[in-house]
């Protein structure tokens, strides 16, 4: 297994939107992702931050409140997960980190055959990225404890759906602990 | 509203796979889709059949049983939904009907602003097509009674997830009856 | 070298368009391509026919005479180069055989690392396919004697331009004889 | 006509590469492009800087000298053409500014129907961008006096080739003066 870790949309705006019932779900996964990234760096696993970089008045907003606007402070990765010098930053315009981006080509250049997905929201951008990852011929792992939706029920539904989808070995749901065990053993 | 209807993967192989618990769910939606297509043709709504067209030993099979192979009889649209002369046939290699295809360009050439999605499986190809449709700047409608998963629970979970996603007006779940009422009223 | 051969737009319409000064240039390369394909099949080199498959009134026509229309007889490969059972047929909507198609994925599934391009017109579809081939990380070879433009000057200019481009080893211009020598030697 | 201007690869590295015979050709077009951009801003024509943003050791280098590396100073737009606050910056990984980018979606969001292309090198990235622009359904104009190749002969061959291609009205070659005259008259 030659994994790469993707961190989806862990951006400041998500943590300060007061129109959402709660950002508790997002806050909860920050230390989990931080632990994962620290360990991934020790194992020389590449890390890619896939970040919404929306243009104003874009179709994707559907006339609703705009957020994660290109160039704004709200579209920056949250302080606690601040990218390191060696990490990759990938601006994206839509749900999936593969949609109209060069992510597939970057992953192949990095020699990755397995894509490990974390971030928010599980049922939209994380899920779309996971599906596209499989479709781009990468083994794909969604880390249950490193992803969240703004309401816990949507996260739970999505994870249950993925378990039922029976897409293993192409797409698997696991914990960060399980993944790190597999990844650490890859050279032994 | 200028809709186009997409029929996803209503192919012979899905109706004869004996390794699946049941194709009952698939059979159930055939007359519903047929009714929709008949009415759509009366209303001059374009119809696109998006059909798996897999190459043998492709990554997407994950080493499992292969189906919907390009050029095989199993990859043909089921008899009851046989495409008309004016319909469009779109071979696809992965889940979403937009993935590495010219569907976005076809839809814009047809003048469509709304994509109406039907077929199987709700929680994989139908869902992936719906997400990509939104990401390609089309208003998107998933018809609940014209889509199915091989187990009813996966279909139910996916529909519930979409309702919770709050992506309206970009992505809506409705019945074929509701859609046809909206579509018929579009010129009045 | 693990090559795959692409035959671009050798379609009936090109050979019967009376509005063009001459189809002599096209006719001239048919036996050259035929010889190449016969030898490629002996060497188990995959062959892909990339064929215009235009929708009526599409933007690409620019209001001019329409040709290579999807489903029409004119959009079929010319008789002398008729595809064999094992060959691949790839419909395309624009110049490059990679544009909104799954060709990159097909080539990787076939294990190809080198794309050998033939067909018409050298300075439009052949050239665009060659550039996209390089950009998709394939070593690319344009066969000078198996490609043509409707006027010989455009072909000549394009070949000269490619020679000056200094894109070797990514993109090379050679004769079919030179290529077959390299390909035959690849296992020795 | 609702134009948008693209400036391709006017980056610092191109102006300091001592392994090239001369950067004279590049230097020559800087004031021409600057004049164009100043006037475009007055006319509220959107401006997009499409800039190579290569990863180290990428396939595209073909083992040759590397340049325009992501994050390096050499990959910045040259001082004399420094982007304004309202301009768009588009990192790209390959020749065409449309290749695995969201440029098509940006242009449609901006309401553009015509893409005006400038920059370097005429016969590689400028040409590839022009071809892809047509293929994405935009009327396309290549400005002869605002584009250059590192050797004047390659530029000349490419312009001559485009003139012979007879792709008008989809793709036209003109001078910046001719374009600005057309653009200024668009509202009258």
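Should a chain be cited, it is by its letter among A, B, C and D, assigned in written order, with residues numbered from 1 in that chain.
As a working rule, a residue touches a chain if its C-beta (ideal position, glycine included) is under 8 Å from a C-beta of that chain, and two chains touch if they have at least 3 such contacts.
It should be emphasised that the depicted structure is a prediction, and the values quoted were computed from it without experimental measurement.
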Check your understanding: Counting C-beta pairs in contact, does C-D beat B-C or the other way around?
Key -> C-D
Check your understanding: Roughly how far is chain B from chain D, going centre to centre by Cα mean, in whole Å?
Key -> 39
Exercise for review: With chain centres taken as the means of their Cα atoms, state the distance from chain C to chain D in Å.
Suggested key: 27
Check your understanding: Any idea how many Å lie between the Cα centroids of chain B and chain C?
Key -> 33
Review point. By residue number and range, which residues of chain B touch two or more other chains?
Key: 59, 94, 99, 105, 137
Practice item. Between the chains shown, work out who touches whom and classify the graph as line, ring, star, complete or other. Key: complete
Review point. Which residues of chain D touch chain B in the complex?
Key: 105, 108, 137
Point to revise | Residue ranges of chain B in contact with chain C within the complex | key: 55, 57-59, 93-94, 99-102, 104-106, 109
Point to revise | List of chain C residues in touch with chain D within their complex | key: 59-60, 62-63, 94-96, 99, 123-124, 127-128, 131-132, 134-135, 137, 151, 153-154, 157-158, 160-161, 164-165, 167-170
